[in-house]
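Two complexes, one shared chain (subunit A), two partners (subunit B, subunit C).
Then we have the complex of A and B:
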């Protein structure tokens, strides 16, 4: 016997605008439905959350050491110990974790993460003096963080007012005060400063980018830790949930000040004061995404590029060497920045990712490549969050009923996808699960 | 006639905006001679932002001030004048785009009440907080 059928009252809503004809129309329609560039599959969710956790632990070192260098090491001409972060900076309370935080993003503590401290003590080789760990490279690869900072420094004009400010009289006056204070009683360095003032200015600008990136990542580490904890509790239903968490996080901290303070002989010199009004979103996050996810620069030693044969774009804006375009296999060569990061993440993989990699491709033998591709997937999700956050901030809700508004959203999404039309983009690959 | 701040207080739907203006130290300026054009988001516009957004700004007055200044133009401009130009420079420095004349839209916000004339300028009430970019 068939059960009585209830009257079907479902109404079929006509779409207010025609479908996109863009080559990435499927992805665009998914974004318009509140999704991510990364398809919503349980494995994608597992991969991205697992790698966020593995990324957050070294990131907890990166942001602390970036601030340590910007604020304390500063212009040390022989900064051999700049990666030997002080205890004060390992204990520096994260502004978004711990009881003291005004806006608590991560439920955990405010000091350096326990897994980070454990790794710093033992590394892979066991308990040895710090110097030996450093020289043997059995440590957090801080060079990766510096490569990201240099990408931001080099690409410079990527929106926001930060870079313009570095050329202002106010900045130069503050930097001059800091340089003179730092080298007080050092006639050699002060003499060199008189001879080559711009060289010193450039170094201070670089230090300001150290501070910028440190303040940016101070936020991202607790965001990723919290996402991992939520996932472990079974809290995210799919990739869009994970993306929405990031979108909300971007808004929540958008107004965080970006500044550069330096401490010299107990005195704090404000090279970029908070009162300049620079914000996390405009002066750090958006330039970071542009410089690091999209652009960066060709990595030395991976491939030869012939600039005269136009293998390197003439315009910096066309650079496409970031993670969203990376061919992880050749990029995974020893010593170059992305590989350094992969090596750092390898130490903190959650067990479920270790198991996943064992069961695919070459198992443990190519874990670095597999986790690099996972990282690529996860950064397509972070980029999706940035795209959705910008759409939310500058355009219209996804459920808007005005067709003109929906078309404006459509044009925005299509323009974003245009950036992945070049053949190096990995957007098509991350649509399938067999890309590993 | 009342000034911009007095007008906003009288309207009863700008509690968050008035608090923000106070915290950012801009109340005095908006009570001054101006004249200004203010795109004033209603309380619901602030409430629609994800949790923490407003709090972070309120905790950091210079950053809050920057966002608020994006809602202010130097000079008093009515809707009729504003729609003659695609964008106007805000006090923050970034341009404010006039996207549509009818319905009257400023960036991604819709003007729900235009041309409220005050002693020291003109207020246009908007339904979303607008952001530079």
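Then we have the complex of A and C:
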């Protein structure tokens, strides 16, 4: 008996280019269809949105403290209290969120998130002096943020003009003015500056990267908060929706300025003035993704790499130790795998993620790892957004009808996927829900 | 105290077996396990009572025409081993999984093995010893053949063949004791102690005893069954095999070889010491090369048996004390090692070293089990403060004067223990825990409990070495065929008939030690 068949009512669109033969052909076809590297499943959506929320709360502290360090702590030779952010910075309104913002794009943002303020007041241990919270590590772990900044500083040349500018005469002149102003009346430090000028210059460069990352995360925190709110309101229908929200956000702020101002004795010294035209996308977002998602450093994680045995590439551009490749088992380090970030996010998990983790693997006993893997999934989605944004900026629309254009897009996607051909990449793992 | 406790020590496992078969069908495997562990735990209690209140010997005529009598006794040599046997049997039973397959049969066979070993340790009659010695073979073969790895049948056959040869040699040795005894046939230990044997007969009997007990220990080159069987047997069985049954071989050598044939033993001791040293080196080097944790443990055990044989060969009061200490320390350590390996295997499904790594991971690994494994490996390597150190120290100190070269070789071999211990732990404990494989539940406290008890005992014995050496000081001094190292140069010991049933050595009296 012939089984009944449904009448085909929709017109099947013939593909204009042949299927990809890349090992990640499925992922590439998904990207070409406007999707994400992360499969579109309800659980994936729940996981990534939940973790964005948990990430956004500490990130709301990270960007404030990064700017506080870059602008106020600056070259303090003993910055023991650099994580004790001033109230001014805690109350600093976000530049892109809320009615008061200079460029309102997202919701909220009048001052630090209420969950962050609540946690900072009592942490896990209860109401104790701030110093005890700090020493007990019952706080937001800024060490993770600094590790990300250091990855950007260390890899330096990752596109954009930012790093080149740090070697320019204009930058050095501004930095020199800031150093002399900061140490005015301090003959010891000024004498040291005269003896070792490059050491001080390097410190100022590091401060500029503090500012760079702070300004980058100032954007990302309200993006993630709003994504969580939209999800709670039933707004996103799938992973591509969430990715599109990120892509739109990237385009909305792509041209916003990246700068470094320092406030010394009430005077604002513009070490990197806004007029230099450094932009959020090219001077902050892309270098950040490259440094933290892909490269970082071969010193962390559950595997020790031996440079003398040629296990570490000679070229920094070949480094692939970032979150997209990491073993997320917490090993106690600040960087990747992001142990300290996992601890930070643990405090702000939405209830639906807590319930999810309870039902898998070792339940509460290993939810640090489970949320770390969720974080890894979510970063594959963020990377997808960046890839789509780059494709949008540099190449052709996905619905272009010119096969040549589609092939150019294909080559771009395949080149991006080539970076995940190495065995450490977690792209194959995130294709299934078993990876937890 | 009367002899009742001695009888009870044998009755308990028998009653336990009977009770297990009568338990209602609705009893869960975990509850059957608890019931099975009880008789062995009571044996420990009884043995401790016997330690405080030594019982009288039990002498019952059984088959007088054959010279078989139910003569049971407990002295400084057998008491610690009886304790060890009861303790390790109960812990081995408790280390079985809660959902043990065919629990009644499994635990009954475990208790029958305990009965055999316990009977051998308590026996004061060679035929009774032989019966008990042979009894061990049957339940153990069934245990290996029915529960274990994929190649368990082959392991059981190999164990059966080697043990059958061992049993035959033992039978021949016991018969030879009676036949060649010019004073007349008799199987009581007293008869064996006073046997009038020609030097040639002594040599033949000793050769048979060395084969019988050397296969049981085992020692190179009689170890063919051991790595394979330890690799295939289930964890509780291998705990019993390595921790208790192997001690039967050492006990036999001490009781029969050193005790009843001192002259032949003295004559052959250089070769025995050489076999011990070779075993120590062979075991350690093979352990380094293994890719499976169970086989590594098997070769490690072989190496430690080599130290034991060296101490027995030297047969000085100190070395014999060291031999007893080594029996106890090795029993505890090897049981702990296999208990930990059993937990690893139960959770990860493998004992293959290349397949395991990162088990120290605090969230997804087995950090508690690995902590205990690390402690057991340190104890096996002779780290001070743990049970292995005092035992090995006394063995080396006691054997040095008699066999310096063999002792030195064994000492170096003992150093290799640290090599394979570090290699194993580095590969299995550290490194990358592959997320795709790290999907196992953590160990429960009930699963950890047997290993935790052993861990406490390993630490306690290291901090209080008298717990290892203090049981048998008088007996080992009495059995020694060589003087203590520090007595060399003074007039040597003379072999004499003691008032006890054992051959004893009359040490030079104090005035003889004084310089003239």
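Everything below uses one rule, namely that the second predicted complex is superposed on the first by the 409 of 436 C-alpha atoms of A that agree within 3 Å, B and C clash if a C-alpha of one lies under 4 Å from a C-alpha of the other, contacts with A are read in each partner's own complex, and residues count from 1 in each chain.
Please note the rule applied: a residue touches a chain if its C-beta (ideal position, glycine included) is under 8 Å from a C-beta of that chain, and two chains touch if they have at least 3 such contacts.
Computed from a predicted model, the values in this text were never measured in an experiment.
Participant: Looking at the superposed three-chain arrangement on subunit A, would you call subunit B and subunit C a clash or a fit?
Facilitator: With subunit A aligned, subunit B clears subunit C, so fit.
Participant: Once the structures are superposed on A, label A:19 by its partner contacts, choosing first (subunit B), second (subunit C), both or neither.
Facilitator: In the superposed model, A:19 contacts neither subunit B nor subunit C.
Participant: Once chain A of both complexes is superposed, is A:365 in touch with subunit B (first), subunit C (second), both, or neither?
Facilitator: Touch partner of A:365: subunit C, not subunit B.
Participant: In the overlay, work out which of subunit B or subunit C sits against more residues of subunit A.
Facilitator: B
Participant: At the CA centre of subunit A, how far apart in angle are the CA centres of subunit B and subunit C, to the nearest 10 degrees?
Facilitator: 150
Participant: Using the superposition on chain A described above, determine whether A:394 touches subunit B (first), subunit C (second), both, or neither.
Facilitator: After superposing on A, A:394 lies in contact with subunit B but is clear of subunit C.
Participant: Just subunit B (first), just subunit C (second), both, or neither: which does A:274 touch?
Facilitator: First partner only, subunit B.
Participant: According to the stated criteria, A:247 is in contact with first (subunit B), second (subunit C), both, or neither; which is it?
Facilitator: It touches subunit B, and subunit C stays clear.
Participant: Answer with first, second, both or neither: which of subunit B and subunit C does A:435 touch in the superposed model?
Facilitator: Touch partner of A:435: subunit C, not subunit B.
Participant: In the superposition described above, what is the shortest C-alpha distance between subunit B and subunit C in Å? Please give a whole number.
Facilitator: Scanning every C-alpha pair, the shortest subunit B to subunit C distance is 37 Å.
Participant: Based on the A-chain superposition described above, do subunit B and subunit C contact any of the same residues on subunit A, and if so which?
Facilitator: In subunit A, no position sits in both the subunit B and subunit C interfaces.
Participant: Once bound in the complex, which stretches of subunit B touch subunit A?
Facilitator: So the residues of subunit B in touch with subunit A come to 49-53, 55-57, 59-60, 62-67, 93, 100, 107-108, 131-133.
Participant: Once bound in the complex, which stretches of subunit C touch subunit A?
Facilitator: Going through subunit C, the ones touching subunit A are 358, 361-364, 431-433, 435-436, 439, 441-442.
Participant: If we count contacts the way the header does, which residues on subunit A are in touch with subunit C in the complex?
Facilitator: 302-303, 327-330, 361-362, 365-366, 368-369, 373, 429, 435
Participant: How about subunit A: which of its residues touch subunit B in the complex?
Facilitator: 102-103, 159, 161, 247-248, 251-257, 274-279, 282, 390, 393-396, 404-405
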